[in-house]
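The structures considered in this document are given below.
Shared between the two complexes below is chain A, which pairs with chain B and chain C, respectively.
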Partner chain A sequence: MKVIKIDKNKWTKGLDTARESYQLFGPVKIKENHCFAPLKRDQQPDMTVVDTVLSPKSTVFPQTEKLMTATLDTSKPNHHLMERADTDYSPRAVIGIRPFDARAIDLVKLNFDTKDHRDPYWCDAHDATTFVGLAVNTPSQFDFSTSMDSGPFDEKGLDVLLVDMDTGYLAKILTPKGEAFMACAGFNREATAGDLQKMEELKKAAEQAITTQVETDNLREKSLLDLHQAPFWDDVAFSCINCGTCTFVCPTCWCFDIQDETKGNNTTRFRNWDSCMSPLFTLHGSGHNPRGEKTQRVRQRFMHKLKYFLDKYDQGTMCVGCGRCVKSCPVNIDIREVCNVMNAYEPQK
Partner chain B sequence: MESYIEQIRTLAVDLLKSGKVDVVIGYRRGSVPMATVPFMARTPEQAKQLTWDSHCTLNLANYLTNRQEKIGIIAKGCDSRNIVNHIVENKINRDQLHIIGVPCKGMVNPKELQTLLDDEIISCAETGSTLTIASSQAEIKIEREDHLRNNCSLCTHRNPVIYDDLVGEAVEEPVLDDPFKDVNAIEAMDADEKWNYFDDLLDGCIRCYACRNACPLCYCPTCFVDESDPQWVGKGQNDTDIKTFHFLRAFHCAGRCTDCGACEAACPMDIHVRAFTRKLIKDSKELFGWEAGMDISKRPPLDTFAPDDPNDFIK
Partner chain C sequence: MNNPYMPYPVRIDDIEVATEDRSLKTFTFTFLNPEDEAAFDHKAGQFAMLSIPGKGEIPIGIASSPTEKGFVKFTVFRTGVVTTALHNMAVGDIMGIRGPMGNWYPWETLKGKNLVIIGGGFAFTTLRASIVYMLDPANRDNFGNIDVVYGARSPGMLLYREELFEWEKRDDINMHITVDGCDDPSWAYNVGFVPTIVEQKAPKADEDTFAIVCGPPIMIKFTQPALQSLGYGDNQIIMSLENRMKCGIGMCGRCNIGKELVCKDGPVFTLEDLNKTPREY
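Our next item is the complex of A and B:
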């Protein structure tokens, strides 16, 4: 696997060269917060921010995405026929995505790209994207990625892993897509054995800096129904205000709602992020709501992430330990605590 | 604060032991720095987890809606005013409640505290009026009064307006020279400036509805934004739809909003949504001589008629 060395004073120029062939996304400051957004012509990604409030999932799964369009104009031969929206899937690159977020995109792929169904919107965006990750040298107190099968230097889901070495970056090329991006940016100086050793040291230090341990080892063996019927859910849920914050900031939450909007003769079909925290999410046309109570919705979020997903795909939990929901939840519902409680739960016989 | 915590726990334990209430709603310590968790103690043992500090930013009246038990509830000034609203609007009965009033010294804004240190805050402790915040690299002491949340710095009802027990002594109520300076500044803008101001204000809103859900006033079984038949508002990230949500929600709070700041405390994107409700607070005061949540015998101005209404269009 090739590792390339990039001087920081050549970084911007390289990105500018790459912009001619790729649309770039990266962390930028929007008011007081950092978010991933398409970079404007002269805009540089902020490579110092440890984590953005929202995850970069929007780069392949926008909060509002146009899926299809139709005309209602009966003089047109294709009137009232939904046709796929004309979306630009030319090459793009997400710069500075953190390893846990790339791992999350890998997990989401399990859902959008299955043997039986391929979500064309998500998959086409994913295929068009090169993920140029940035290792986390100093993890925040909210980061528990090492417990969730990821970590500050995790390579899963990435095409390139950058490591900030102070005066420059080391770029570990992980896939042909990553190789093509680096070549396009004109980065090609090979790293030395000394560089590689320093990189290993940084990796160890970063992993050790994560002090939160979350236990997940029993989750697979636990009975789904026992966990579902466990008595602790009411207490977990009491403080929850059922906002969608935790699911909107989460890199692995993928649920969506489909809406049609018509203006004049033009109809558009959109999908919007949705949230299992909202009562409307499961409201049936009949008026029945299988998750009408707050506790049922809170339980759903944790059970989906930490049990159903694990049982279904056998690829770990649907939480990568980024800690965003812990940080943003207005009432401090902490998935680390809930996970430990679930993992330790023994039903009373 | 230490004496507050002691008294809150003693009162709550007694209430639960004597069976006067079934549960006590208050705050317990959070799992991360500068966080508290709204918490319901069912046993005297659990009541020992109740706490109080400068981070009790949510409004506990939000947890009362339509509950059936006998409830002890911890209430600072604004919580108590929202409890009054809840009683007036038949969301809870006065007889069901035992209110433990807490004279409030203001809550701090954690995001502002974070700007005081370069690295992430990993601990925050308080003694008296002083907070000690620390990152892995540095530690500083600050005065609570200097870093209050915006709504707390504008609050003139720090003492609970309704209570059964009061924790400690009442605090002095601040007198403000110009309480609506912020609203006046927006009113003075011309149409274009206002347009841009509100555009910028809502830039970044992700429609998670944390503001709405944290608000004790927003208890409708189906919010107008969630209604699908008829559908009043588009659901996507369209500017007009986002604005519609915020404008309409604010109007629904007219004459009811207590400026408790729970909406802003809950917002993950730091949107200053009180810019809307504060205009309505000012209007309520100027047009109707009304402050929300002060008296359980009075109905809010928008659902009542008075022959001595100070406004002359009605006469």
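Our next item is the complex of A and C:
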């Protein structure tokens, strides 16, 4: 595996060279908060922010995405015939994505790229993207990624892992896509054995800096129905105001709604992020609602992340421990606590 | 690449008012492209997404049998945005269909078995598809006795009335049509709720008899004990569910019951399967 060394004073120039072949995305400050967005010509990614308020899932799964368009003008020969929206899938690179977020995109792939169907929008965007990750040297107090099969230097889902070495970056090239990006940016100086050792030390230090330990080892063996019927859900849900923040900030929440919007004779079918926290999510036309109660919806979120997903794919939980939902929840509902409670639950027989 | 969100273009060829209160209409569609018709190769019990550009999409059970070629049929209850738009459409209009979607009644398991089909209200659409399929001369020998209990509020609310009365006349299917109430003295069939008629008329279970149940939640709730008292095991009771849906292909996440997705792992489940889920339907 090749590791390349990049001087920080050459970094910007390299990115600018890469911009000629790739559309770049990266963390930038918009109003008060950081989020991932397409970088404008002169804009540089902010490589210091550890957890953007929203995750970078939008780079492959936009909050609002055009799926199809049609004309309703009956004088046109193709009226009412849907056509795939014209979207640009030329090469792009996400710079500075953190390892837990890349791991999340890898998990979400299990949903969108299946043996029965391939979601062409998500998959085309994913295929077009090179993920140039940035290791977390100083984890935030909310980070519990090491408990959730990820970590501050996790490589899963990344094409390149950058490590900030103060004066420069080390770039561990993980895939051919990553190699192509680095070559395009003109980064090619091989790292020394000393660099690699320093990198290992940073990795250890970062992993040790995460002190929150969340227990997941029993989740697989627990009965799904026991957990679903457990008595603690009302307590967990009690203070929830169903605002949906936890699902929007989460890098692994992929649920979406589909809506048509018409202006004049032109109609567009969109998909938008949706949230299992909303009662509308499951409301039938008849008025019946299988998850009409708040507790049922809160339970759905935790059960999906920590049990249903695990049972369905056997690839770990659908939480990567980024801590965003913990940080953003207005009433301090904490998935770390809920996970521990689920993991320890023994039904009264 | 194949886009599972892209509907096949279809034309409405026929619209028939299905019930006396006009709340249900049966739509017959033909595909604009013959290759789409060939690709839309369904089994009785599956559903499809009806797509009206500008309005949206709805999951609807396929009411025509795979043995009926050249068209597909759906019977739709008017309730909200898309169903109302559909009711307002006219013969000749162009719209779309995605599918077929979901699983089907377990025809492989049901081969050589006796079947009792139980339907209530307008949840008779895929049951009609199933009956037409089984009665097809090429298939009838694959099944034992076929009993049908079908009920609606009143005679005018029964779907597919002409066919029901045709089937009444046949000797290879036992029809038990019922209505909740009726003041027409010429009504020659049953009066009473579906679960009661099931108890009175449905065959007792043996290991070669299966029941398929579709209907409003209240009917399903009271039909279950009726079937159990006739000896049906949970693995012999087959049901079709209707959770809210959007994508229909297992991706948008809303139709789940625990880890099962109704659009992909269902909509057909045995009661035994459902007992293993959190039953959020």
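Just so it is clear, the second predicted complex is superposed on the first by the 349 of 349 C-alpha atoms of A that agree within 3 Å, B and C clash if a C-alpha of one lies under 4 Å from a C-alpha of the other, contacts with A are read in each partner's own complex, and residues count from 1 in each chain.
Note that in this section a contact is a pair of C-beta atoms (placed from the backbone, for glycine too) under 8 Å apart; a residue touches a chain by one contact, two chains touch by 3 or more.
Small disclaimer: the values here were computed from a predicted structure and weren't measured.
Student: Putting chain B and chain C onto chain A via the overlay, clash or fit?
Tutor: When both complexes are placed onto chain A, chain B and chain C end up side by side without any clash.
Student: Check the residue A:Asp257 against both partner chains and state whether it touches chain B (first), chain C (second), both, or neither.
Tutor: both
Student: Figure out whether A:His80 sits in contact with chain B (first) or chain C (second), or with both, or with neither.
Tutor: The second partner, chain C, only.
Student: Of the two partner chains, chain B (first) and chain C (second), which one does A:Val249 touch, if any: first, second, both, or neither?
Tutor: Touch partner of A:Val249: chain B, not chain C.
Student: Just chain B (first), just chain C (second), both, or neither: which does A:Thr282 touch?
Tutor: Second partner only.
Student: Counting residues of chain A in contact, which comes out ahead: chain B or chain C?
Tutor: If we count touched residues of chain A for both partners, the winner is C.
Student: First (chain B), second (chain C), both or neither: which does A:Asp116 touch?
Tutor: In the superposition, A:Asp116 contacts chain C only.
Student: By the touch definition at the top of the document, which applies to A:Phe238: first (chain B), second (chain C), both, or neither?
Tutor: In the superposition, A:Phe238 touches chain B alone.
Student: Once chain A of both complexes is superposed, is A:Arg336 in touch with chain B (first), chain C (second), both, or neither?
Tutor: Touch status of A:Arg336: first partner only.
Student: Using the touch definition from the top, say if A:Val326 reaches chain B (first), chain C (second), both or neither.
Tutor: Only chain B is touched by A:Val326; chain C is not.
Student: Could you tell me if A:Pro91 is touching chain B, chain C, both of them or neither one (first, second, both, neither)?
Tutor: neither
Student: What is the C-alpha-centre angle with chain A at the apex and chain B, chain C at the ends, nearest 10 degrees?
Tutor: Superposed on A, the angle at chain A reads 90 degrees.
Student: How far apart, in whole Å, are the nearest Cα atoms of chain B and chain C in the superposition?
Tutor: Here the least C-alpha separation of chain B and chain C stands at 6 Å.
Student: For chain A, give the residues common to its interface with chain B and its interface with chain C.
Tutor: Looking at chain A, the two contact sets intersect at 257, 259.
Student: Sort out for me which residues of chain C touch chain A in the complex.
Tutor: It is residues 1-7, 9, 51, 53-57, 79-80, 83, 93-96, 217, 242-244, 246-247, 249-254, 256-259, 264, 276, 278, 280-281 of chain C that touch chain A.
Student: Give the list of chain B residues in touch with chain A in this complex.
Tutor: 30-32, 35-40, 58, 62-63, 111, 120, 122, 203-204, 206-210, 212-214, 222, 226, 228, 234-238, 265-266, 268-270
Student: Inside the complex, what are the residues of chain A that reach chain B?
Tutor: Those residues of chain A that touch chain B are 30-33, 35, 53-54, 63-64, 140-142, 238-239, 241-245, 248-249, 257, 259, 261, 270, 272, 275, 278-280, 326-328, 330-334, 336-337.
Student: Where on chain A does chain C make contact in their complex?
Tutor: Touching chain C from chain A are residues 67-68, 70, 72, 79-82, 84, 111-112, 114, 116-121, 124, 224-225, 228-229, 254-260, 262, 267, 269, 271, 274, 276, 281-286, 288, 290-291, 296, 300, 303-304, 307-309, 311-312.
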